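Worksheet: the structure to be examined is printed underneath.
The letters A, B, C, D, E, F, G and H name the chains in turn, as written, and every chain counts its residues from 1.
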Amino acid sequence: MTHKHRIETNRCKGCGLCVTVCPKNVLELSDQVNVKGYFPAYQARPEDCIYCTMCCIMCPDVAITITKESKKAAQPQDA
Amino acid sequence: MTHKHRIETNRCKGCGLCVTVCPKNVLELSDQVNVKGYFPAYQARPEDCIYCTMCCIMCPDVAITITKESKKAAQPQDA
Amino acid sequence: MSKVLMKGNEAIGEAAIRAGCLNYFAYPITPQSEVAEYLSRRMTEVGGVFLQGESEVAVSYMIFGAAACGERVFTTSSSPGISLMSEGISYICGAECPAVFVNIMRGGPGLGGILPSQADYLQATKGIGHGDCRMLVMAPASVQEAVEMVMQAFPLAEKYRNPVMILGDGLIGQMMEPVSFRDDLKVPPTNKDDWATSGMDTRKSTKRNLVKSLYLDPEVLNAHNLKLKAKYDRMRQEEVRYETYNTGGDYRVLIVSYGTMSRVCRSAVDALKARNVETAMVRPQVLFPFPEQAVFDAAAKSSCTHVLSVEMSMGQMVEDIQRSVQGRRPVHWYGKCGGEVPTPEEVMEAVEALLQS
Amino acid sequence: MSKVLMKGNEAIGEAAIRAGCLNYFAYPITPQSEVAEYLSRRMTEVGGVFLQGESEVAVSYMIFGAAACGERVFTTSSSPGISLMSEGISYICGAECPAVFVNIMRGGPGLGGILPSQADYLQATKGIGHGDCRMLVMAPASVQEAVEMVMQAFPLAEKYRNPVMILGDGLIGQMMEPVSFRDDLKVPPTNKDDWATSGMDTRKSTKRNLVKSLYLDPEVLNAHNLKLKAKYDRMRQEEVRYETYNTGGDYRVLIVSYGTMSRVCRSAVDALKARNVETAMVRPQVLFPFPEQAVFDAAAKSSCTHVLSVEMSMGQMVEDIQRSVQGRRPVHWYGKCGGEVPTPEEVMEAVEALLQS
Amino acid sequence: MQSEVMFAGFGGQGILLSGKILAEAAMEKELEVAWVPSYGPEMRGGTAYCTVVISDNPIASPIIRNPMHLVAMNRPSLEKFAGTVKPGGVILVNSSLIPIASGREDVDELSVPVTDIAAGLGNVRTANIVALGAFVARSGIIDFETLKETVRNEFKQKKKFIEMNMAALEEGRKAAA
Amino acid sequence: MQSEVMFAGFGGQGILLSGKILAEAAMEKELEVAWVPSYGPEMRGGTAYCTVVISDNPIASPIIRNPMHLVAMNRPSLEKFAGTVKPGGVILVNSSLIPIASGREDVDELSVPVTDIAAGLGNVRTANIVALGAFVARSGIIDFETLKETVRNEFKQKKKFIEMNMAALEEGRKAAA
Amino acid sequence: MAKAFAKPICLSDQETHYCPGCTHGVIHRLVAEAIDDLEIAGRTVGIAPVGCAVICYNYFTFDFQEAAHGRAPAMATGIKRVRPDLIVFTYQGDGDLASIGMGEIVHAANRGEKFTTVFVNNAVYGMTGGQMAPTTMPNQKTTTSPFGRNVEEVGMPIRVAELLASLATPAYITRQTVLSPKHILKAKKAIRQAFQYQVDNRCFSFVEVVSTCPTNWGMTPADAIQWAEKTMLPYYPLGDLKTPESVEEA
Amino acid sequence: MAKAFAKPICLSDQETHYCPGCTHGVIHRLVAEAIDDLEIAGRTVGIAPVGCAVICYNYFTFDFQEAAHGRAPAMATGIKRVRPDLIVFTYQGDGDLASIGMGEIVHAANRGEKFTTVFVNNAVYGMTGGQMAPTTMPNQKTTTSPFGRNVEEVGMPIRVAELLASLATPAYITRQTVLSPKHILKAKKAIRQAFQYQVDNRCFSFVEVVSTCPTNWGMTPADAIQWAEKTMLPYYPLGDLKTPESVEEA
């Protein structure tokens, strides 16, 4: 069992609220525009992520999810 | 100077509230109907009246007034 | 069928229950408060819902909410109260929900008076709310007819998914007449599963329902309005209802009148006949859609020289009559508005004045 | 006169100030919130009154209270908001107070949309409230005309002691056009000492004034209604206002249209002329009273075979046209309602379809 | 044949109820009826009246300005309506409260001290029933037995009133004789 | 003669302002003008556009579905409106944000990286003015001096912006040359 | 002890249409006395409600407007905003003010409109025939609560004075009654005070008056007074709930 | 410490039309979580307001009605009275609920209607372009208070939760916020509790949520959060104002 942090890039509106609440300073806003014209958040330092879900809880657009998954199942979904 | 207690009989609706508040039990309701079909209040025991204005204050129809008047002036008005 | 002597207002309340409507929300206003007073008892007896709302505005939305769940529901009010329901009625039309509104009219404008009037004709038939909305409007002339129309109003509202108004004058509400409640007018409610927000579990469905009136896309809103227009056009085809009186022979004046006023006119027609003045009457029982063709035909009769709209208003239905008569005959108005119902004699005078003119 | 480029909504606000009306109460609603936004600044500059009311119902009574004091006052809203003012407008008519209501119409019914529409025609001209009440209704077709009508509305409201409505579609409010504010349209307020509740000391009188709409005695209420009817009849005599376009020659189709829609029709008339299809237009500038005679005359012209009402609604003014044309010519409707303004091409198609039918 | 009765008096004198009972009695006889009240904004006081129209044909106008008969329970009512009654009609005058007559020569005027009679029966509130009994007896507008039946029915919820009201009817009938 | 320009782009790109400035410039020249916005319920995002109609006669219909010219500030605008422009009109394409062309052969297509130019001037928010300069220069719809005057007037409250915007106009003109 | 008592000047001579023992008459007189006292009749505009007091203008001699049901506070707002020099009061019943007019009174109070409201709480809709009001007491029978007000179904009576006093904007909010001469004299002071605050351009002022409706309660006037004392006063406690001073101190 | 987080089931997949950083999205999610939790989606009817959340039904998967501006509590009343088995909530902004809809919310609360209201207080009218709301803070600039809210002219902001809590009818009235994850977790509990009271057929339940409107405040989402914390929270204190239990004890 492990955790998977996922940001739906095209759902993100680049509000930056997740960035401010992350206790481990994992997130940053991208400089690549998404389909909606926003600069979405991404995990700049994924290795620091403790899967505390603070960013998920804060995100007004339900753009971030964290799933528990067995390592096997994780890879195909990741593709 | 003396006081004059006056009930405008045709203004009175016979509600009896003045009767209940008079501290000296001066007032009663008449058994003579007035022009509106009500049984108006009258001073059954005028000699007991202390001109406290309780009845005036209570009357919802401003049917009772008390005036201060010199004895002379009082009579013609009384007619 | 056994008859009972009932006040119009109470009979209206009872009729709704007999029609299977057990939900009533209202705010008191003369001359129709007896409906609420009656139903505050009766609904308890039959296990229905009675609620006195805080205002007519709120009541119109209680009606909306309940109707949107697919439940039969109605309210009653009088002129100023109906004005306050304008926005709500427009929403209910837009959202296509069935509901019944009873307006027991009093004199206006403003606070006006509390006696009978028919001065809300144009508001009811043309201007009840903003946007392209219309209601089917039924106008009873007796307590018995009021009862029947109330019972018919619920299935009609469901047929069109649109509010229906019963437009009665104060006298219809206040008068007592013998009434019988015809069981055959009780029609089971339509299935509302495809649109009503009755809870997905209730209708055993995973498709959710949505009741709304907002269409931000102009093309979609236009299409929605065309759909509503098609319904109103269908009403024009299917729901015209009227009665004629003495139209068989040759008459010189055609009277058009509805509600209590039409009963007075009926007396006047009879009395004029006795004086050898032949007149006839068309009585619209449904005001929207208006019986245009019937009025045209009756006016176009060769003997007829004048058409007279007799209303307890300053001349409202007369506009629909003008529209219908299409210039074939001069159209006149006679009326009063303030609470006094014109007498047969006054109507006769108005007719005779016309013929002398 | 120097011109400025202004949004209709702002120009309407400015026009009221230029007309000498320094009192404004309103509730925000698209597409007219800019009036309030503009006046929240401007009224402060000119020492006037700006207040955002808690609802349209409340606003209509703030207007009533202020108008009853004899002060010039106005409000602006859009369709659903106007429905909520129904009762208030009926009271103001009944109490005979002057006031100006601006309705920048959006699509309906219900919440509808926020784009331009003309779907409140029947409500404004016939059914604004309960009882026998009417408003003078003016319909501008440009920002400049909106400005002028707003300025004229105040003296007209005072002339009749009755509310006046400016009925504009959303485009009139949202569009920018050059406007000039004509000082000559500023008319000093009438003397209101004989009726306004301005305080006895203010008018140096010991006679108190009373503003009310209740008349419990039916004869008195009837007399009051007859008095109001006489005013409305006087409006029918004195306030009809319309414009004709291309009515000089022989035309086959008469278009009747108002507001923004009439400008589109004007383009269509020109373009049809280029195709050798002669059409003409009557544009009512005042909707109540309706230019019945002008429409009749234009329709009755021998060359004319069809009358077409072009409206951003599902067919409302068409009823007044039918009434006016008196059966002389077939009367048709073309329109859309949802926010998209029909284009000249669409109107042309509608006209050509008529001629082919 | 159509006939109309106006009942008029003070609010509180049971005017509307007398009318209703008459209308119900007529309905029992399969006649057409309409009962039309006056209604006003004031809760109390003033004049209350109602009109009952009885006919063997459907009733056209229920609005009657000239009724066939009048039951006047107080003076203002008599003064206001006496002149409207059709020639030949019955005018019942509650002489307990009305010291004057109708002044009409062309009607059947019947003077009955209904309030006093009711007081004699132990309840002034039955004055309206006394008047009804007297009026129906004199006018013959419906048969008296039906009226009695209707009154009995009206009070069937409050049994103790039945007897008193039946007595009131009888006293009315006697007074009209 | 009547001519129409549609300005289209994201909300926030100053679309409505460009249109307004053009309309004001035309008004200065005593022409008839109408500025018609799109307005929608959403506060942010989506496509904003406005149409400016300029004519030497009173303007009949201000509702234009086929404008003479188009200034497209973003890709969705170009895609949505390119097809509506009348043959012979000018289509200005903001090539900074639009990687495609209009696909029209019968128009005068002008590709200008207005956002980049504006960024080069130190403020991307002047992109609308760059575009306006380029468009007016190419279409000649009004004379450039009047436009400059109008822009100067528009910013007269905020003096510090005047210079930047005058530079933007000039850069636009150059790009259109 | 002996005193004089006369009809206030700005109260007209006309006899009222109210039922015998109805306390509307007393409250009218108190309003008139306050206006006389402050000598403001010449610049006062009263606003009549829709309710039994709808024609109360007949009993006063100064300018008056007649509101729609519940909308008197909006009308008063309209007047005060365009004519701040005028003295304006609304006179409203509980159906009018607490039911249909709830939005208007809350907002006028919250904006701190500088007019005075006299609120007659008689626990019932009088004019229309005794229907339930928001102020109707638990289990009280009315024509639309024939089995008594069921608080499970329609909630508790609304204490309007407390509700308005909970707003943050400074105001004078008081509850009085006219059930006895002593109460009447206190109510008189409160009403005068309410107008005084307005004359001083200080704040919104509001006087709730616990009243009777003998007719619709089906009681004699004396019984109605007793019922109100016993049933209403415990639920509607008397006294000042808020003064502008108390807000400033807080 | 490590946890999982997924979109609630009854929240639809559709992306919202709200501005970046607008807290409407968070509040929607909390409502959906509560409904999922209680497994009531199949018998729930939501009521959308008129305001930015007017099309919020697009983001939920169960039955929904769209109200007129301010009238959601009346619609909810209509539903609950005729279908007490349904779970009903209104979702309303401050213009909607506290301005035009004041009468409706006060009366629904006072009748003890057994539905739930989620009240989004963002101190401004969002959808129509940032006009002043009854909840706008003193001196806050809006498009209709361009010089800042002048409390002398228009009064203090209305604290709706306090106002409703002052009514005598039992209810659950609480104020929460979504300005930080910690607050959001508390708000989540409160919203769940509000629905729980309804499921138990207990009382009216009301959750005010102090929110942001970065767009109309003219701030970045992060600045908006800070401004709300600094300016709004001191005036709109968080926590339960009333529970049905507290009323019963009193």
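General observations
By definition in this document, a residue touches a chain if its C-beta (ideal position, glycine included) is under 8 Å from a C-beta of that chain, and two chains touch if they have at least 3 such contacts.
Keep in mind it's a predicted model, so treat the numbers as computed, not measured.
Within the contact network of the assembly, the step distance from subunit B to subunit C comes to 2.
Chains C-D form the pair with the most C-beta pairs in contact. One finds 87 Å separating the Cα centroids of subunit B and subunit F. Centroids built from CA atoms put subunit F at 55 Å from subunit C.
Separating the CA-averaged centres of subunit F and subunit H is a span of 42 Å.
Counting partner chains per residue, subunit F shows two or more touched chains at residues 40-41, 45.
Among all residues of subunit H, those that touch two or more other chains are 19-20, 54, 66, 68, 99-100, 102-103, 107, 127, 129, 134, 154.
Looking at subunit D, residues 30, 51, 54-55, 57, 80, 87, 91, 95, 110-111, 114-115, 212-214, 216 sit in touch with two or more other chains.
Interface residues of subunit H, counted against subunit G in their complex, comprise 99-103, 106-107, 110-112, 134, 151-159, 162-163, 166-169. Within the complex formed with subunit H, the subunit A residues making contact are 3, 11, 13-17, 20-21, 38, 50-54, 56-62, 64-68. Within the complex formed with subunit F, the residues of subunit D that make contact are 3, 5, 30-31, 114-115, 170-171, 174-178, 260, 263-264, 266-268, 270, 341, 343-345.
Residues of subunit C that touch subunit G in their complex: 27-30, 33, 36-37, 40-41, 44, 50-52, 54-56, 80, 110-111.
Listing the residues of subunit H that touch subunit C in their complex gives 41-45, 47-48, 54-55, 57, 61-68, 71, 74-79, 81-83, 85-86, 103-104, 107.
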